[in-house]
Each structure stands twice: as C-alpha cells, then as structure tokens.
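What follows is a set of structures to go through.
What follows is a pair of complexes built around subunit A, which joins subunit B in one and subunit C in the other.
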Partner chain A sequence: MKLKMMYSFLNSDINIIEKELGETIQARSLLLKQASMHTLQAGGKRIRPVFVLLAGKYGDYDINVMKNVAVALELIHMASLVHDDVIDDADLRRGQPTVKAKWDSQTAMYTGDFVFALALKLMTNIKNPEAHKILANTMVEVTVGEIQQIKDKYRFNQNLRDYLRRIKRKTALLIAASCQLGAIAANVEESVHKKLYLFGYFVGMSYQIIDDILDFTGTEKELGKPAGGDLLQGNITAPALFAMENKEIKKAIETVHENMTAAEIAKIITLIKQSGAIAKSVALSDQYLDKALRILDELPDNKAKKALRDIAKFIGRRKF
Partner chain B sequence: MKLKMMYSFLNSDINIIEKELGETIQARSLLLKQASMHTLQAGGKRIRPVFVLLAGKYGDYDINVMKNVAVALELIHMASLVHDDVIDDADLRRGQPTVKAKWDSQTAMYTGDFVFALALKLMTNIKNPEAHKILANTMVEVTVGEIQQIKDKYRFNQNLRDYLRRIKRKTALLIAASCQLGAIAANVEESVHKKLYLFGYFVGMSYQIIDDILDFTGTEKELGKPAGGDLLQGNITAPALFAMENKEIKKAIETVHENMTAAEIAKIITLIKQSGAIAKSVALSDQYLDKALRILDELPDNKAKKALRDIAKFIGRRKF
Partner chain C sequence: MQEIRQKFTCMKGKVEKYVFNNYLLKHIETPIIDEDKLLILVSITDLLELPIAKLENYTLSTMLIQTALDTHEHISEKTDNEKSRQLTVLAGDYYSGLYYKLLADSEEIMMIKTLSNGVKEVNEHKIAVYHKESDNLENLMNNIKSLESALLKNFANYFQLDLWNEQTANILLFKRLLAEKKQYVQRKWSIVFEAIMHIINSHDDVHLSELTDKQQSHLINVYDQLLDRTKQTIEDGMNKIPFLNEFLESRIGFLVKQHQPYVKTFLEEG
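So, the complex of A and B:
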C-alpha cells in the first residue's frame, strides 16, 4: 500500500496544504522565491503536515485553522534542511541540487531564515499560547542539536546514547511537535495531545533510524545521492555504532575522513553491512515503532487512528 | 552627555536586562554558550532594550513583563549580526573577532538560529497575539532585506530608493518593532504604540545612515575595523550614492572590487569624502531625525519622552 493511500480521506485537505505552501513562499524577492520554491518542489513526504492534520481529527478539526500549523511545520522542516545542506556541504538532496549548491551558502542561510520567518507568521494565526511555547521550546532543542551534530562529527568514541539524543533533536522532536500542535490547534484535551506528542516522538525516532540504515543499504538511485554519505561526512549513525562493537571493524571505521575515495568508503560500508549491524539497527527502530503503536492503543478509535497506525508501520518498515 | 546618562532612571532595570541576557544563553552546549557569550560580551549599545523599556513607560510598565521583550529584541539583533558576519565574511566586529572568524561559518549559522530560538521562547511570555504578529512580520521583512542586500552588492547602478529600502529592512524595522512591542507589552493604546513604531522607524533610518557615514569618516580605532569596509564589500551606502552624482567619481567607485588593496580603496574613500557626499548624507539622516522628533511632540510628556528625544538626537549626531 502506498503512503498516500493511508490517508486518502484527507486528500482534499492535503491539496489545500500544498497550494498554501506554494502561495506562502511567493516572496517579493525573486531570488528568495526561486530558492524556496526549489526546496519545496524537491518534494518530500509531507509527513509533518499529515501528522498535524491527523492529530487534529481528535478534536474540533477546522482546515482553515489546521492549515496554518500544517504549512508552518513543513516550512520549519524545509528551513532546517536548507541550513543543514550548508553544514553538510551537500550538493544533492532527493536527487536535486541543494540551494547551497545551486546558489551559495549565504543564499541558503538567508533562505532558511526567510522560510522560518514565514512559518512564524502562519503560526501567529493560532491563538493558544501553549502552542507557541511548545514550538519555541522545540526550536531551542533543535538548534542545540544542530550544534551538537557538528561537534560529534568524526568523533568515533561516541555511544548509542549520544546518537539517540542527536536524532531526538534532529528529527523526533519536530514530528512530536507536529502531532501535539495539530491536536492543540483543534482544542484537543491535554491528556490526548500529550499522548500524540509521545506517539510522534517514537515514530520520529523510528523514522530517523530507518533513514540512517537506508543511507547504508539504499542504492544511489533510491537515495538521490551516493550511499554511505553520512559516514563519509563523519555523521556516526546506528549501523556504524553497532558495527564498531567489533574491534576490527571499529579500526576500519576510525580511518574514515572526508576525502576518502569512493572505493575506500565502499569497502567499509560492506564491512558494516556484513557485521549484523543493520539487523541490530532495524531492531532498535522496531522498539520505537512498538512504543508508538502502544501509545495509539490508548487513544480513541477513529479514522485518524487507523491512518496513524498504518503510517507508523510504513515509516518503520520502509525500504527506501 | 553620555548615552547612558540619558536614561539613568532605568539603570536598575537595565542591569536586570543585562543579567537576563547572560542567563538566557547559558546553553547546555558549551560551544553554543561560548559562541553566544562571545557575541553578547562584544557589547553594543543595547539600544533596542532601551527603546523597549522607554516605550513601556507609556503604559503599565512591569519590568517582569518588559524584560522578556527587551531581552528578546536584543537576542534577535545579536542573531542577525552573527548571520550577517557569515555573509560579509567579516573577521572583526566592534574590534573583536566574529563568531564566524573564531569558529566557522557553520557554527555561526547555528549559533544565530539558536539565539533566535531563545528570543522566540522569551516572547511566548507575552500573551497579546498582536505582538507576535508584529514580530513575525518584522522577521519576514528583515530576511527579505537580507537576501536583497546580497543581490545589491557591487550593483553600482542602484539609487537612493534601493538604499533606503534596504536600511529600512536591515535596521529601522527592528528598532520600530522594539518601540511598538515595548508599548504593546505595557498595554499601551493603539494610537500611541503606532506613533512609537513610527518614531522607532525614523530613528532607525537616521541611525543606519549615520552608521554608514561613520564607515567612511571613522578611524580604525573608533570603528573596530578598517574604514571603507562597506564599500570594499560592495555595500553601496548613502555617501557612495551621493558621491556618484559626480560622473568622474562614479567611474572610480565602479572599479571597486573585493580584492582591492588598502591604498586603492583609501584613494576612493578620499574622493568620496571630498565630494560633499558626507554632508548630503548627514542632511538625509537629519531629515529622518526631524521626523522622529516631530512624532514625539504628539506623545504625552513623561520621563521617557525626554529620554527618547535625547537618545534620538544622540544617535543622529553621534561621531562614532
């Protein structure tokens, strides 16, 4: 089953979100518009808006309110990708040149700032002060995580806890916030929106672990960029950490540096794949997926619940 | 009279702001803390917090409310400086190495993001939704201006309108927002907070024009960086624009490029200073200063009004 089929009852609302995303970034500056549209059109699963809308189904769902949160969360995600591409010195994302590659780092930095400011502007349509507190706290954590990620690069003596804390801030917190803010925008009661937050957090952890696995197991065509890129850039993820339990492989991984040849890094990737580290990483992701599904059990039954369950399973078991 | 003497009745509250600024950026990440503290300690006039507090004196002034806005506005200013230094590839600001120079562009980018997120967090203590709308709109305009500034670099056929639009977004809007948000945080009525916004806008324009003049007329010691840096970096400001009314000088200015020697740029700066362009720029700043002072005449008399008047005059007539 395709991802989009899991929430087909949201189709017309998803179209509204997509239209709104395009209209929001119709900036007066041609450069900004081009750079933002470029990022927008590069696609993506729009997972965050979908979670916002589904969470809203637990309360007084009004698409004219919900769309502000849904578009804002996708814009915040976009802004962070644009900034990340500067840091990672990445030329490709989803098979497309990045803003940083197509223009320059400066343009990417300000495009990120601009897209983030647009998100804030949309969020001001949400009156509940709690929503703003949650978003601001999330942004503080996300930016702390971004700096941590720079510091952790090529730091081979880190452990799984360092990794989990990093992906929490990098991915899980914003997905958790999407679920919670969607619920709050629909006046969902606290006991429920807190559960939706937890659901989003666990799904986000599972999602990022799978993403990190795919960076080893995916083909260049599936990834839109060469495999093993994370490790080459010094981003030590779950498969590398599990593989390093073997001292010989650890030694090999510790030789990684950014100017390694494709053949050299390919050899190390093969070592990691043969070590059993991928299966251990999948098991780790599954633990988070199970936690997410168990939270859902505690929520009332509705269409959204089935969709959230299907999406969580899809995300946690996707092959690309 | 020194700037600080003009609002000595705020002394204890300014100390609270300074303490709060330091406490806010006590991040858990040592790198972030160091990079943020570095920017904070580089000093600055704290003009935005002072305007926030003075504007609050027109209403129900409560320092425990006001401090959120005052610290937030200074943090937003700091964040934009840290990002600007990446763009300008600046190594010095106020005589101190920039975050970008002391660490790297990536650290500077994320430090800016982090400091901005902290500002948002503080602002969530302000319940009035209008405050958030004003801030978000200001941020959108500021980021549009930042991109425009990149595009306008070394574009010698721009006119004064391009320049004024640029400094509006670069400086005046945030000072205007400081005045207006300070007033709104103190529940000042709309007719008054709109005037305070205009006052801030005019003072901000005057302030930036003087800043741009000083970049030509100041000594390296006063500026904390070599004179003529704006022009060398392709930032075409009022003095250069007025000087270009003379065709000969225009030809000389059009030869400017970033790898020019100190002697070459010094020669062009001398031409500009001898052209009468400085006096014309001062007159332009004075026009904005006069507008600011006229707005003040329409506001009720109080201690704040006298301080606002003194500060506006100080800013508009400062020599360094």
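So, the complex of A and C:
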C-alpha cells in the first residue's frame, strides 16, 4: 500500500495544510518568496504534518487549530533543509536544485531564517506554553545533534550509544515532537500525549536507522548519489559500527578519508555488506519499530491508530 | 549613567555566557555581540516598570536572536574551511533555538510572536539589499535602516509606550553605513556600495573592483552625502529619543564623530 493511502481519510485536511503552507509564505520580496516556495514545491512526504493530524485525532480535533502546528513543523523542517544544504554544500535535493545552488549560500541563509521566523510566528497561535517548551527544547537538541555529528566525523572509536544519541537528536526528536504537539493542540490528556511522544520517538529511530542502511544498500540511481556517501563524509552509522566488531574490517574502515577514490570506498562498502552488519542494523531498526507498535497497543482504538501502525511499518520496512 | 553602564556590562556578560560555546569558538569567527543594539535594549528596558528578571530575559533573548542573524551574515561562497562554514550555520541556528527556548520556558508567547515578526522583516530587507531590489537611493536607505532596526522596533512597540521613533533607526542606519564604508575602503567591496552602484549605474551591474577612478570618486561622493544627511538628521533629533541617557548619548556622540561631512573634508584637503 502506498504511504498516502494509509491516511486517505485525512485527505481534505492535508489539502488544507498544503494550501496553508503556500499562503503562509508571503514576502515583500518576490525573490524571497520564490526561494521559500522553491523548497516547499520540491515536495516531500509531509510526514510531520501527518503525525500532527493523526495525534490530534485522540482529542478535540479542530483543523483550524491543528493546522498551526502542522504547518509550523513543516516550515521548521523546510528551514532546516535549506540550511542543511549550505552545511553539506549540496546542489541537489529530491532531484531539484537547492536554494543554495539556484541562488547562493547567503540567500539560503536568509531564506532559512525567514521561514523559521514564519513558523514560530504561526506557532504562537497555540497558546499552551507546554507546546512551546517542547518545541523549543526539540529545536535546540536537534541543532546540538547536528553539531555533535560534525564533532564525531571520522571518529572511529565511537560506540553504538554515541550513534543512537546522535540520531535521536537528528531525527527522532522532531517526529516525537510532531506527535506530542499534535496531541497537545487537541487537548489530549497527558498520559496519552506522552505515549504519542514515545511512539514518534521510536518510529523516528527506526526511520533513521533504515535511512542509514539504505545509504549502503541503495544504488546510485535510487540514492541520487553514490552509495556509501555517509561513510565517505565521516559519518559513522549503524552498519559501519556493527561491521567494526570485526577487527580486520575495523582496520579498513579506519582508513576512510574524504579524498578516497570511488574504487577504494566501494571495496570497504562491500566488506561491510558481507559482514552481516546490514542484518544487525535491520534488527536494531525492528526493535525500535516493535517498541513503537507496542506503545500503540496502549492507546484507544480509532482510525488514527490504524494509520499510525501502517505508517510505522511502512517507514520501518521501506526499501526507499 | 553608572547604573545603565552596570546593567549593560551585566547583560553583555550574560549574552556572552550563552554565545561563547567553547567548541564552536574553536572553529568559527568569534560571534559579534552588537553592543549598540544591546545598549538600546538596556536603555529601553530601563524605562519599563517590570520585574528585573523579566526584563533581563527579554533583553537576553532579543540579543540571542540578533547574534544568530549576525552570525549567519558570515556565510559566503568563499569560505575555504568547510568545518567553519558548517559550524557557522549551526551556531546561528543554535543561538536562534536558545532565544526561543528562553522565551518558551518563561511562557512569553506574545514576545515570541513579536520577535519572530521582527526576524521576518529583517530578512525581507536583507534580501532586498543583497539582491539589489531597491529602485532608488531612498528606497535602499530605508531597506538598510529596516534590516538594522526591525527587531528592536518590534521589541519597543511590544510595550506600546511610544518607545520607538525613527531617530533610533537612523542611528543604526548610520552605524551600518560607517561599517560598510570601512569595509569598502579596506577590501574594495561592500554589499551596500554595490547596491548604490547598481542604482547610479541605471541597474547595470559593474564590479566594484573594475571601477574607473572617476566612477569610484563619484560613488564615494554619493555615499558621503548619504552619510552627511543621516548624521545631520541624528544631530537634529537627538533630544527626540525617548530613552536617551548619558551613556547612550556619549555613544551616539562617538559614532557621529566617526564621519566628517564631505564638504568639510573637501575644504580641508583643498
């Protein structure tokens, strides 16, 4: 089943969110509007708004309230992508030129800051202080995670705990916050919104581990870049960490540096794939997926619960 | 004066404590804390009858987002050091997150809205200057004035006490014009000089490094007249600043002395 089919009962509300995203991005400068819309129009799964809306179904769901959180979170995600492309010096995202490539880095910085401001302004329509505390804390943690990722580059003596802490901040926290904030916006009781937070956290962890596996197993066509890019850039992810349990492979991985040739890195990727590390990484992702599904068992039955279960399974077992 | 100076020093220390992260400082240019904007904030909050902790929180969070925006000014295509570029982006994002966290933790939702609006406006005007969208010099000056002052203007207007007037914005404009002139003289490049050249050259782009002596002289002449005019406006309206104090007055006096009117310089040199 396609991802969108899993929450088709939300279609009219997803359309409202899509329209609202476009309407929120209004700027005096035509160029600023174009640069902001550029990222928005590049598409994306809009998975954060979907989690917000589904979580809201556990309480007093009002799309006019929910849309503030859903749009704000998608805008924050967008702003961070625009800045990430400057960090990674990336020219393409989802097959489209990035803002940095189409204009330049400075324009990307202004656009990201602008979109981030729009997001927070919109979010202030939610008056519950708890929502802002959660979101603000998440945003700081996400940035600290990105700084940590740069600190940890080519640090081959890191362990699985370092990796898990990093992906928690990098990916899982914003998905967890999406679920929790959606619930809080719908006045869901604390015990339930805390469970939704945990669900989002576990799904986010599973999602990122799969993403890191695909970087080793995907083809250049599927990835839009050569396989093993993470390792070449010094990002030590789950497959590399599991593979390093073998001393010989560890030695080979420790030789990785950014100027390595494609043939050299390909050899190391093959070693990692043959080591059983991919299967161990999949098992790790599955552990998080199981935890996410078990949390759902504790929540009341409704349409949203089935959709959350299907989405969790989809992103935890996706091939791309 | 002593009291304002003490408050200023105390706040500066608090901002530094948040901004000067050991790891980041190893890799990025030391973030510049805009002391004039901090002094204006301290001078405004000095007039407000609110608990000190609340006022400090407002000032600190405003300076954090200001520093975030200023840090992002240091990104360019020319940065050779990849790690430095990456961490400069993240440092700005980190300060920006801290500003939101400070206000969220103290449940100041309306202040978040106010400052977010300021950040939005600042970036709109930054883009307009950076991409030379101004049709004429008046429009360009207004864009520079707004990108420098929108955050503080939103802050002051939040208290609905007529704390803000154009005079404060003119001071920030003047300071920016001085900084751009210094940069142009030192590096033969400045985004504001480029934008002016774009206007006086009927919207045709000319590289500043390729200007003839005559073009360069004309550009400096136009620029100095803009500085003259802004300086005169500041001097004429000094007493209109609602939160003026001795410390701020002496700082403004120091700033305006940094530029001598074009005619005077010409006469002295002639």
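By our rule, the second predicted complex is superposed on the first by the 320 of 320 C-alpha atoms of A that agree within 3 Å, B and C clash if a C-alpha of one lies under 4 Å from a C-alpha of the other, contacts with A are read in each partner's own complex, and residues count from 1 in each chain.
One rule holds for everything that comes next: a contact is a pair of C-beta atoms (placed from the backbone, for glycine too) under 8 Å apart; a residue touches a chain by one contact, two chains touch by 3 or more.
On a predicted model such as this, the values are computed, not experimentally measured, just so you know.
Undergrad: Could you classify subunit B and subunit C on subunit A, in the superposed arrangement, as clash or fit?
TA: clash
Undergrad: Tell me the contact category for A:H83 with respect to subunit B and subunit C: first, second, both or neither.
TA: Both: A:H83 reaches subunit B and subunit C.
Undergrad: On the A-aligned overlay, A:T124 touches which partner chain: subunit B = first, subunit C = second, or both, or neither?
TA: Both: A:T124 reaches subunit B and subunit C.
Undergrad: So, does A:R161 touch the first partner subunit B, the second partner subunit C, both, or neither?
TA: neither
Undergrad: Do subunit B and subunit C touch any of the same residues on subunit A, and if so, which?
TA: Shared contact residues on subunit A (touching subunit B in one complex, subunit C in the other): 27-29, 31-32, 83, 86-87, 105-107, 109-111, 113-114, 117-118, 120-121, 123-124, 127, 129, 132-133, 135-137, 139-140, 142-144, 146-147, 150-151.
Undergrad: Write out the stretch or stretches of subunit A touching subunit C in their complex.
TA: Residues 27-29, 31-32, 35, 80, 83, 86-87, 89, 104-107, 109-111, 113-114, 116-118, 120-121, 123-124, 127, 129, 132-133, 135-137, 139-140, 142-144, 146-147, 150-151 of subunit A touch subunit C in their complex.
Undergrad: What residues of subunit C sit close enough to touch subunit A in their complex?
TA: Residues in contact with subunit A: 23-24, 68-69, 72-73, 75-77, 82-83, 85-87, 89-90, 92-94, 96-98, 100-101, 103-105, 107, 109-110, 112-113, 116-117, 119-120, 122-124, 126-128, 130-131, 133.
Undergrad: Provide the residue numbers of subunit B that touch subunit A in the complex, in ascending order.
TA: 27-29, 31-32, 83, 86-87, 105-107, 109-111, 113-114, 117-118, 120-121, 123-124, 127, 129, 132-133, 135-137, 139-140, 142-144, 146-148, 150-151
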